[in-house]
Amino acid sequence: MVSFASDYIAGAHPAVLKRLVETNLETLPGYGTDEYCASAAEKIKKACGLGQDADVYFISGGTQTNQIVISTMLKGYEGVICADTGHINAHEAGAIEYFGVKALPLKGEAGKITAAAVDEYCSTFYGDDNHEHMVFPGMVYISFPTEYGTIYSKEELSDLYEVCRKHDMKLFIDGARLAYGIESKASDVTLKDIAALCDVFYIGGTKCGALCGEAVVFTGGCCPKHFVNLIKKRGALLAKGRLLGVQFDALFADDLYTEIGRYAIDMAEKLKKIFADKGYRFFLESPTNQQFVILDNKKLKELEKQVSFGFWEKYSDTETVVRFATSWSTTEEDLEFLKRVL
Amino acid sequence: MVSFASDYIAGAHPAVLKRLVETNLETLPGYGTDEYCASAAEKIKKACGLGQDADVYFISGGTQTNQIVISTMLKGYEGVICADTGHINAHEAGAIEYFGVKALPLKGEAGKITAAAVDEYCSTFYGDDNHEHMVFPGMVYISFPTEYGTIYSKEELSDLYEVCRKHDMKLFIDGARLAYGIESKASDVTLKDIAALCDVFYIGGTKCGALCGEAVVFTGGCCPKHFVNLIKKRGALLAKGRLLGVQFDALFADDLYTEIGRYAIDMAEKLKKIFADKGYRFFLESPTNQQFVILDNKKLKELEKQVSFGFWEKYSDTETVVRFATSWSTTEEDLEFLKRVL
Amino acid sequence: MVSFASDYIAGAHPAVLKRLVETNLETLPGYGTDEYCASAAEKIKKACGLGQDADVYFISGGTQTNQIVISTMLKGYEGVICADTGHINAHEAGAIEYFGVKALPLKGEAGKITAAAVDEYCSTFYGDDNHEHMVFPGMVYISFPTEYGTIYSKEELSDLYEVCRKHDMKLFIDGARLAYGIESKASDVTLKDIAALCDVFYIGGTKCGALCGEAVVFTGGCCPKHFVNLIKKRGALLAKGRLLGVQFDALFADDLYTEIGRYAIDMAEKLKKIFADKGYRFFLESPTNQQFVILDNKKLKELEKQVSFGFWEKYSDTETVVRFATSWSTTEEDLEFLKRVL
Amino acid sequence: MVSFASDYIAGAHPAVLKRLVETNLETLPGYGTDEYCASAAEKIKKACGLGQDADVYFISGGTQTNQIVISTMLKGYEGVICADTGHINAHEAGAIEYFGVKALPLKGEAGKITAAAVDEYCSTFYGDDNHEHMVFPGMVYISFPTEYGTIYSKEELSDLYEVCRKHDMKLFIDGARLAYGIESKASDVTLKDIAALCDVFYIGGTKCGALCGEAVVFTGGCCPKHFVNLIKKRGALLAKGRLLGVQFDALFADDLYTEIGRYAIDMAEKLKKIFADKGYRFFLESPTNQQFVILDNKKLKELEKQVSFGFWEKYSDTETVVRFATSWSTTEEDLEFLKRVL
C-alpha cells in the first residue's frame, strides 16, 4: 500500500546502503574507533563550520540520544525545560526520568517555546525563596523541526540561546528531522546556524535516510569527560560502531544529507498542494515534511483502505487530525495515487 | 592487516547483508511490528523448540540487552548472582548498577560458576538473621560461552537451573557468542537445551554474523508486561526495527546461525593446532572461537606488527595472555599467514 | 519574633516529647521492630477503621515518603498523575524522578484536581494509538489538605477513587498536614473516610506535632513485598526506629492527633478573622491551617520586621501573596500580637 | 533483659535528650538553617581542626549518608572501591547501586583494605586496554572502626590517602562508630587525624549517643554544589533540621562525644576481660566497642535466654560467632550480670 505513515517506513537511502555493502568486508576496530566514524565526524564538523574543539559521537536512536545527552550534561540539581509537546516529555515513555532527570514543561505553541517564556520561567524560579528545594533549570530542549513540523527562525534561536546563557543553561536541539528543517523553504536557518546557536544538537539519521543512527554534535568544548564510557554505561555503545560511522560518512558525502532534506520538502510541498487544491484544511501550517490534515471521520475510514498515514489527534466529534509524512522514499507515483484517491 | 582481534571486526555475514539489501525498499511499520521481526521470532521459537508462551524481542547490543532483561525481570529487592569475571560485572561500565541493580559476584573458575556455589551463597544468605537488610538473590546470570571461551555441560546447566528454582530465582543466559557455544566440538548442549534450561536467554547477533542485534528469548510466560514500553523507556527501541528483524530472519533461515558457529569453530580448531604445533602454551583450554595464548613479551611485540589480536592480561613479568578470535570472516589465508609469521 | 512562618517552627508537641523522654532508657530492638512501632501501628489501624490486611510503616519525612511509596507501588511502565502544584511536582527537587518515575501533571484549581480531569486524561491516553510509547498512568497523587490549604469533599474523594479503579490506578493521598484537613470546619471527611477512599496514604507527623516522621498506611493488602528492604535500599530505614514509633504511639493516644488538628484550626479561624476584620484580602479561601493573604509590598516590608511568615508568590507589581500558618505551638498571645501590629 | 545486642538499643544520651527538651519550644527556621545546626557545624570544624573551607551537613542515618556522599561526589564514570565486607557492599540492601553507583569490592582482612591492594587494583585497571569500558575507581570507602571492630593506624590511613591522591580518587571514611575508633586504647588516630587524612567522612551520631543523625564533614572545599538540593532530591532533608543540629551541638559540647566513646571502650575492655577470664575465644582481636566471641552452640542457646547479643556468623558445625556491643548505656550492673551467667 502507498504509505505516508512516517519518514521511517523504508530502509536506508540507496547511497547509504551502497556504502554499507562496499565496506562490509573491511577489517575495522570496534566501538566507534574505526576510520569511518572519524571521517564522518570530520565531515560533520566541516559541514557545521565547527573547529577542533567540537566533538561528534554516533548513537543508534533518538530517544537514546536525548537520554544520554541530557543525563550526562546536566548537573545533579538540574532539570530540562521543554515544550509540553516535546518528544522527551510526551513520547519517550519517561526515558529521561528513568535516568533521573525531571522535565520542566512549558506550554508550547505549535510545538515551539519562546525565549520570553523561558526567561520568565527562570526569573520566577530564581525569584522564589524556596528555589533551593526545586529543580534548577539547567538546559533548554527544543526540537528542530518540532513534533508539529514547525521550525524556529534564526532570530528565535538566537534569542533562546541568549536567554540560556543569561541563566547559565545549555541549549540542546533535537534534530531527529534536521534535514527537513534546514531545507524547508520557510527556513532561514542553515546547519551552520544550528551549530553556532546551541551547545549541543543531534543530526537525525534514522528519519533522514539512515537505517539507524544519530550524530551528536557538541559545538564547543562541552562534551562530558569519558563520554564513550557514559554511552557504554547507558547500554548504547555498538560493538560494530562502523554501522553508524559508514552511514553518516555517506550522508555527509556529496551533500547527500541536504539533498535528502530538499527532496522530501519538495514532495511535501506537492502533497500540501494536492490537499489544498481539494479543499482540505490543515491543523496547522507546517513548512516541513510532516503535514497535519483535518479529515472528516467518514473520509478517513475510506482513505485508510488505500493509503497509509498516521493518526494524530481527535479534532472534533466528526473530524480527526492525521499526519502525512514524506521522505527520500516518497515517489511521484505515490503522490499521483494520493491525488486520485483523495 | 590480518586480524584475529575479535569476532566483530567485519560487517555482516554476506547472506545477512543480502537480505537487508533485498528488503530495503519495502514499506514496513516501525518499532519491531514488521513482518520480518514476526517471522524471525517464529523461526527462533521453532529452532528453540518453544511454544506460543515464549516471547522473542530484538535489541541492538549485548550490554543493553543484559541491562534491560535484568532490570525488568528482577523485583525491587533483588540483585543478580554472576561470576566475578562475568560481562555484567567486569566489562559493562556499571550498566546494570546504573539501572539500580547490584551484581552479586561469586568467584568463578575459568569464567564459570557452579550450582553448588550458588546454592551455598543462597543458603548462607537466607541463614543470615539480617538478610532483610541485604540484596536478595533474584537471578543467576551466566554466559554461554563464557568470557573465557569455556562452556557449561548440559548437566551443569541443569544443576544451575534446579538450584535457581529451589531458591526462587530466574536463570538468565547471556548468549552473545551462543553460536560458538552450541557448535563447539566439546559441547553436549543444543539450542533446544539452552531454551529448556533457563527462564530467559539471548541469541547473540553482533558477534555471530549480524551488523548489530541480539534476540532475547523468554522461554515460557515470564516476559515482563508491556515489555516494548520498558525497552523504549531504556532508550533501546529502534524506529526501524526491521534492521534487527531482517537480520535475524536471515540468520535463522537455512541453518545459517548454526553454520556460522560451526565454521568459526573449525577455524578456531585449526588456529589452536597452529599454536600447539609450534609449542605455544594456552592460558586455559577453550573449546570455542576465542583462544587464549601465552606469549613471551618479545614475541608479542614482533607479532603485533603483522597480525591483530587482543591483549587479555599480564601473565608474568615476561609473558602476556593474548586473545585470538575467529568468526565467519576468518579465512584459510588468514590462518596460513598466521602460521608463517608465528 | 512571633512566627507564623510554617507549621514546623517548634519542636515536638509536649505530650510527644514527654513520651520520648519516658521511654528513652528502655532497651528496644532496632529498625522498626520495637513494641512502640507495633503499638502505634495498631492504634492507627484502629483509628482508621482498618483491619489486619492493612499495613503501617513509619518514615522520617514527607518527600522521602512520597518517593518511597510512589517508586515501590508503580510498575515499570507507569507514572503518577498529580496537580501541577502538587508537592511531588513542584517542591521536591525532582525526588520522584531521581527514583525513575515521571510526574504526569494536570492543571489544578487551588491545588486540587477533579475526577473528571483524571478520567479525561486516561481516556485520551488509552485512545492514543501510540500510548505504548508513553508513560502509563498508574497512580493518582493528591494532597489532603493541598499545598494551598484546600480540601477535597468526601464526594470528590469518592469520585477520584472510582476513576482510579476504572483505569486500574492506585490512589495515594499525601497527608503531610492531614490533621488540619480532617479537623477543618469545612471538612466532611474523617480519618476513616480517608482510609476507606484510597489505596495508600500517609499521616503527617512532622507538620502535625512530631519532631519528624510520617506514618504510611496501606489500606488493604497492597503493601509491596519486603517493604522494609525497599525502605532500607532507599536510605530511609532508621536504626532507632523507636524514634518514630514512640512519637506516633503518643500522637494516637488520647486523641492527641485530632486535638492538635482542632487547636490549629481554631487558631487559623481566629487569624483569618483578624485579617478579614482589618480588610485584608485572601488569595484563596482556605479552610485549614495555612492562610494565604495578599499584602501590599510596603505593608509587607513593615510587617516582616515584627512577625515571621512565608512568601508565596508575586500577586501584582505592588502586592505579594504571603502565607501564615498555625499549629499546636501557636498561642493566643501570638494572635494578639499580630492583631496589634497589623 | 540485659542487652549487648547493639549500640543502638537505647534512646539518646541523657545530655543530648536534655538539650532537645530545653530547646523544644524555641521558634527556629527549617531545613537545617537554624542556629543549632550552625553552632554544631562550627564546633565540629573546630574539634576537627578544620578551617572555613570545610563544610558540615547533618543527615538522619548511615546508609543514607553513604548513599548521598557517594552518589554526589563521584563522576558519572566512577565507582567506589571498598572492602568486600564494607557496609555499603554487604549490608545496605544495594542502596548505592539504587543510586546508580557500582561498588568495587576488594578482599578485606578483618574488615580492612590496604593501600597496596588499592594501588594494585588501580594500576591493573589503568593498565587494561579496555578500561574505558569499565567502571573507573573514583573513591575509596573505608569504615573506621570497620564492621569487625578493627581500626586503621595513622600510617595506614596516610598510605591510603596518598594512594587516593596518586590515582585521583576521593577517600571517604564511614564513621558510624567513630567515637569508639578514636577512643580505642589501640588507636593512634585522633579526630583531627581523620579530618586531615581524607576528603570526606562522617561522624556517627545514631550509634554514638544520638537518637538519629550523622554529621558529614567535607574536609576542604570538595562539597558538591547545591548540596542541600541534592539531599532534598534524595529524600533526606528533614523539615525540622533542628532535631539533628541540637543533638550534634550537644554531642560536641563539653567533650561529650569523646566521653561517650571512652566510656563504651572502658566497658568493652571489661567485657573482653570477663570473656577471656572464663576462657572464651575471640573471633578476632577488636580494640573497639564490638567484641566477637566464639560460642559453643549449646552455650549460646542457654545464654540467649538471659542476655541479648547479636548473631554474626557460623564458625563451625558446633560453634557460632556472636557479637557483644557496648555503648554509653551499658552499665556496670550489665557486666556483673553477664559475668554471673556466663
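Note that the chains are named A, B, C and D in the order they appear, and that numbering of residues resets to 1 at the start of each chain.
Assume contacts are C-beta pairs under 8 Å (C-beta built on N, C-alpha and C of every residue); 3 or more make two chains touch, one makes a residue touch a chain.
Just so you know, these numbers come straight off a predicted model, no measurement behind them.
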Which of B-C and A-B has more C-beta pairs touching across its chains: A-B
Most distant chain from chain B, judged by the mean position of its C-alpha atoms: C
Length of the line joining the C-alpha centres of chain B and chain C, rounded to whole Å: 50
Chain centre separation in whole Å, for chain D relative to chain B (CA means): 41
Chain A and chain B, separation of their C-alpha mean positions in angstrom: 33
Contacts with two or more other chains, residues of chain C listed in rising order: 77, 92-94, 98, 100, 133, 229-230, 232-233, 237
Touching residues on chain D, where the partner in the complex is chain B: 77, 79, 90-94, 97-98, 100-103, 127-130, 133-135, 310-311, 313-314
Footprint of chain B on chain A - complex, ascending: 1, 3, 5-6, 8-12, 14, 17, 20-21, 23-30, 60-64, 67-68, 92-95, 98, 206-207, 211-212, 229-230, 232-240, 242-243, 308, 329
Touch list for chain D against partner chain A, complex: 31, 72, 75-77, 100, 132-133, 136, 224-226, 228-230, 232-233, 237
